[in-house]
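Scrolling down, you'll hit the structures one after another.
Note that chain A is present in both complexes that follow, paired respectively with chain B and with chain C.
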Partner chain A sequence: MYKSAASIVEAIKNKETTAEQVTAYYLQKIEENKDLGSFLTVNEKALEEARELDARLLQGEPCGALCGVPVAVKDNVLTEGLRTTCASNALKDFIPPYDATLITRIKEAGGIILGKTNMDEFAMGSSSETSAFQITKNPLDPNLVPGGSSSGSASAVASGEAVVAIGTDTGGSIRQPASYCSLYGYYPSYGTVSRSGVISMANTLDQAGVLANCVADLRRMVNVIGGCDEKDPTSMREASPGLEENPSYSLQGKRIGYPANLDAFPLETEVKESFDKGIRLLEELGAEVVPVEFPTLAYALSVYNIIVATEVSSNMSRFDGIVYGPRVDEYQSNDELYKKTRSAVFGEEVQRRIAMGTLYLGSDDEQRLYKKAMKVRRKLADEYRAFFADYDFVLTPTTNDMPFPIGARKDDPMVMYDSELFTVSVNLCGLCAVSIPMQKGLGGSLQLIAERFNDNELLQAAEQIERSLA
Partner chain B sequence: MITREQVKKTYELAMLELPEEQVDEMTEKFQIIYDMAARVDEVDTEGLEDMVSPVTHSCPLRDDVPEASLDREAALINAHDREFGYFRLKSVMLEEEDV
Partner chain C sequence: MKAYETIVGLEIHVELLTKTKMFCGCKNSFGDAPNTNVCEVCLGFPGALPRINKTAIDYGIRAGLALDCSIREAFGTDRKKYFYPDLVKGYQITQDAEPLCYDGYIEVPVDDEAHKVRIERVHIEEDTGKAIHNEAGDTLMDYNRSGVPLIEIVTKPDIRSAEEARLFLTMLKSRLEYLGVSDVKMEEGSLRCDVNINVKNTETGQRTAITEVKNLNSFRAVSRAIESETQRHIALLEAEETGEKETRRWDDLSGRTLLMRAKGTSSDYRYSAEGDIPRIQLPAQMIEEIQRALPEMPHVKKARFQNEYGLNEYDAENLTGDPAFARLFEELMQHTKDADTAANWMLGDFSRQVNDKEIRYDAIPFAMKDLADLLALVENQTIHLNAAKKVLRSMFETGGKPGDIVEKEGLSQITDTGALEKIVDEVLDANPQSIEDIKGGKDRALGFLVGQCMKASKGKGNPQTMRQLLEEKIAQR
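So, the complex of A and B:
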């Protein structure tokens, strides 16, 4: 078993193994762990692609940053010729005609796409239970959910079916499953990774990121997939995120704030214990960790709910049964075609979010809540900006709860929001954050948040915490 | 207060069908979510500008010069039905004598 992407690249570079052997190993692990339900589609050409890479290396092609590293990819990222479903019947047979920019970059760096991982339908959910096809189990305890919506990406890495995985995060969909599965999960500053070819849920919040066993792999992956992309005008203007390792980085003297009113939030005992342990650790590392008032944080979930639903409502209008996806046979008008098809192919959660967004965007009350939410979003961002003038990082638990039993909260319309209590404000304000597991196995995680585009220091700090936990 | 009629109208506008027997349950779920969302009303936002996106750079546009795009065959490959290089639907226009 390989510990990291770096160890695979080194082993291939030193001719201790080949890309084909590494890929075969992980394909075998996927077969052995089939019951977990991590993958929706396994790339049948993975071995062939690994062999081709080996042949090119033999001819003198230099090893890329992901040379021979098998990568699991969430099923809302387009992969040319490889089925991409968003875990929805609306795209159950969809074969993308092109690669997302981030996939092109993984391939150019020598990465091998292992397959497409299960998720909540169109990334709407936090447990995989809204997937139209299967429920993914938590490898740490198969009775529990793995979190979501990047459910299969988390379970694939936690079970050793992949060494790294691509996820997407609109309100916590990388960090929450990373926490539930005891992994490192990274949401880069909005704009770091191109969204071209990533199927949109909420355009102003969506960002692809990484789940891995160590911070070094988060950095390695985002250095490959990040940077300016002319196909996404919201992507960063710099050619590369330029994330650098810094073994001498120290948290000594750094100022870290955590929400002063934390007790007002419903924290489960294990989560609180892990968080307190995290504060003690940071203090031992020389940081000043103090409670800080974030008055608007308590409203972040409300703002998020409104913004996400409205953007979802707009984005999902493209699924009309004409350009792609299944279509009902019986209809008398275009409206009937749309209604019947959309109602047949979308699950309840997706339909409800589209409808809620339609309600918020409706003209009955002149979009009052939507307009209000955009102002509260500004207030929240202003609060963070003022905070970062005096502090280096914000610290919160990643989630307020522990992974729950499969099926336990299926009918609760709030389930997908509750566990994202501490993560959504990062997306709303375009900040960056990393989830750091406080132990091996089930338990709480720390979420370290840094100012927009201060990703380099964020990962360096996270790596120092990782070293201290080892 | 969210009403049954509001929920039914919203699904209609969203081009979704909501079976009559699910209207009560959905109204209840709408109310729970709406109550949570409506808490934004408690925040004083006097004088604040909207925040639409975190992006602060101006989004560049490329020069308006035609470029090769996705091949037509590739663009149509996932269509449910197609003909002569176009998406095909059943005829939904009324015949002249039916008007």
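So, the complex of A and C:
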């Protein structure tokens, strides 16, 4: 049992173990935890790849930053030769012919891809319940959902099936499941991690990130997968995110704001308690924690839902049965082929968002809602910009609620959307954020938010909180 | 008598001659085996992201400047959504809100007056794949064209006739050829044109609904479609109808348009911002640098040819239609003085040879200096015109020097008066009736005799000298 990616790299470097042994251990754990439903596909070549790595190490190849570290990967990130489904029938049998840039970088750093984790279909959902294939259980209590959409990535790390996992986050899909499973979850600033080979949900909000047991692993992973990629023109210009450990970092004198009107949001008791505990902890660490008005925050979720739906509606259109996806056999016209195929391969939630996005972009009302949402998005970003002129961080609960029983919200999509209340504005404004669990086991988490590309300080601050909690 | 006005606007798609496609590194090439120039980006693979081709932006700016457009220094791209098998992503990356170029014009000569046809916009976008319908009734897809860079040029509804549309397109094609940004071949689909047309009754102000006409494969088809639609729309007005907004396709065989899509089924493209491509800010000076490097445009060159060489408008127009042809003319003018003669040769026998032999302007087998030498041989009466035409033909066939050809084929004029007099005497002896005719006042017979003399000299005599000698000798008889 390894505590962190660093401990695995150290053990292999010191020849205390081999990549093969480590991989075999985690494959065994996956087998034992099958009932949790974390993985959709296990990489059958993982052991072979670990053995090849061991052989190269024997020949003197230096140990990379992820040397022998088994990594679980959400099933919307392309892996060459390894089925990638987005948990959708639309890509049920899709074997990608190329690796996402972030996968290439993991492999180059010596990481071993363990397998592909379950998720909400095309990342639309907060519980894994929209997956076309299976429901993932929360390892802390199998009656509860693990959160989502990076559901399997969260349960894999929480159950010890993997030491770190790649997730993607469009409105909270890393941070919310991290919170539900009491893990650290990191949404890097938009542009930090190349989106090349990451299947788009809402492409101006999507970022790949990491779920792990400690801040150090978040940093290690993003230093490997992040940095400029010519295949993604929206990626950062710098070759590396350059995240550095700083044990002497101090929150002393830092200014942290939290939403003043927090009571206006429906917070569950445990969440509120963890949040208050977090404020006290930060004050003990010398930070100045003050309530701040964010007038536009109340609209963030509405704006988010409109923008996501509009981007989803075009990003999903390539799955039309012509080049991708299974095609229905009987049709009289192109239109019928599209309608029948897309009705058959997409689940209800995906269809709902496509329908909403199509509606918002229709010319009937001159795209009134879409244009308004774009406007409010800019206003919200302006509000944050003004805030960060005076403050270092924003603090919120990661979610307003605790993990709910499987099946409890299946028929109520609007409540499902609500759990992303505090996370979506980070994506809308291109900021960066970490979810920090306030305890082992079920309970609330803190979300620490920093300005775009202030990721280095964000992780240093989170690490100080982690040390204080331990 | 009612007066009708035809109102036409054009939408023209032009494929750009870039080496690679608009958003990926695939080869931009026409006529290759199907689906050989494709990759994850132009096949719209999940997870694949577009990377914009800078040369395509450069070419787009060139086109905009050549059409006197303003150029936008910062712009975004948009997604235009519809479902069709040739469109792999379910959306086309184009520019809706912020076209690269806007507010330009071309001045088209209509009834000896320059009529401005305004250009609303020139924007950059990607082409779609191509559906191939085979004999078995299957539809096969070729995605080689998917992602090929295009510019779309949209005019204001300023065109008033089929002839004006044809002139506009000819001038547009010529300018794009000058820029070298496209090979503008309508038959290969590198230039495609849709027509928007309606008709107005100028007395009552009543207008028909706009018809969009597609499937136009030549300038002639555009012209014919406008004529045919004008008649159809006038018939509507005469029946007190306005018709409905619809899309029709041109049928070249029957010479009329057929209904494609009626009103109410028109597409809503649901444009939205393309977030995968960051907004583009052109580097400072880029537009000025492109402007400075722009070649002389055909209408400017035409005016210069009129001024500099004293050519008439017709010749200047025809000499400047193709940039390579204009270049040859100017090369010729470096070695000769008589511009009219040079223009006559270039537009006459030279062009005829080029067309007959299907030679490209950059593959003429001789230098323009040689052509100038040939012209000089005519000028100094070494050979006469008919012989010169023969020499030119030979130059096209062998690439030889005119002097050598004249010598080899013995084409130089006979200047020896004794020899010429002998020929004239022989011809006169053989044609006593003609002498009688001429003396009786029938001048036409003199031409016949000149022809006989030329024949006898095997084309080497000078017809003027022959005529002179004939007149003298007939008077003596």
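As a convention for this text, the second predicted complex is superposed on the first by the 468 of 470 C-alpha atoms of A that agree within 3 Å, B and C clash if a C-alpha of one lies under 4 Å from a C-alpha of the other, contacts with A are read in each partner's own complex, and residues count from 1 in each chain.
Definition applied: contacts are C-beta pairs under 8 Å (C-beta built on N, C-alpha and C of every residue); 3 or more make two chains touch, one makes a residue touch a chain.
As the structure is a computational prediction, the values presented were derived from the model and not from experiment.
Chemist: Return first, second, both or neither, reflecting whether A:435 touches chain B, chain C, both chains, or no partner chain.
Modeler: In the superposition, A:435 contacts neither chain B nor chain C.
Chemist: With the two complexes superposed on chain A, say which partner A:334 touches: chain B (first), chain C (second), both, or neither.
Modeler: It touches chain B and chain C both.
Chemist: Contacts for A:131 in the overlay, against chain B (first) and chain C (second): which applies, first, second, both or neither?
Modeler: It touches nothing on chain B or chain C.
Chemist: Give one of first, second, both or neither to describe whether A:176 is in contact with chain B, with chain C, with both, or with none.
Modeler: The answer is neither, since A:176 touches no partner chain.
Chemist: I'd like to know which partner A:369 touches here: chain B for first, chain C for second, both or neither.
Modeler: The answer is first: A:369 touches chain B but not chain C.
Chemist: Which partner reaches more residues of chain A, chain B or chain C?
Modeler: Partner touching more chain A residues in the overlay: B.
Chemist: Given the touch rule stated above, what does A:149 touch, chain B (first), chain C (second), both, or neither?
Modeler: After superposing on A, A:149 lies clear of both chain B and chain C.
Chemist: In the superposed arrangement, does A:97 touch chain B (first), chain C (second), both or neither?
Modeler: Both partners, chain B and chain C.
Chemist: Output check: A:326 vs chain B and chain C. Expected answer is one of first, second, both, neither. What do you get?
Modeler: So A:326 only meets chain B here.
Chemist: Please indicate which partner A:204 is in contact with in the superposed arrangement: first for chain B, second for chain C, both, or neither.
Modeler: both
Chemist: For chain A, what residues appear in both contact lists, the one with chain B and the one with chain C?
Modeler: Common to the two interfaces on chain A: residues 94, 97-98, 203-204, 230, 233-234, 313, 317, 320, 322-324, 334-335, 338, 358, 362, 374.
Chemist: Name, in rising order, each residue of chain C that touches chain A in their complex.
Modeler: On the chain C side, the touching residues are 40, 43-52, 79, 81, 83-85, 88-91, 141, 268, 270-273, 275-278.
Chemist: Residue numbers of chain B touching chain A in their complex, please.
Modeler: Result: residues 6-7, 10-11, 13-18, 26, 29-30, 32-34, 36-43, 45, 48-55, 57, 59-62, 70-71, 74-75, 77-81, 87, 89-90, 92 of chain B touch chain A.
Chemist: Give every residue of chain A touching chain C within the complex, in rising order.
Modeler: Against chain C, the touching part of chain A is residues 77-78, 84, 86, 91, 94, 96-98, 100, 195-200, 203-204, 230-234, 310-311, 313-314, 316-320, 322-324, 334-335, 338, 358, 361-364, 370, 374.
Chemist: Provide the residue numbers of chain A that touch chain B in the complex, in ascending order.
Modeler: 93-95, 97-98, 190-191, 203-204, 230, 233-234, 237, 296, 299, 301-303, 305-306, 313, 317, 320-327, 331-335, 337-340, 342-343, 346, 351-352, 354-360, 362, 369, 371-379, 381-382, 413-414, 417, 428-430, 452
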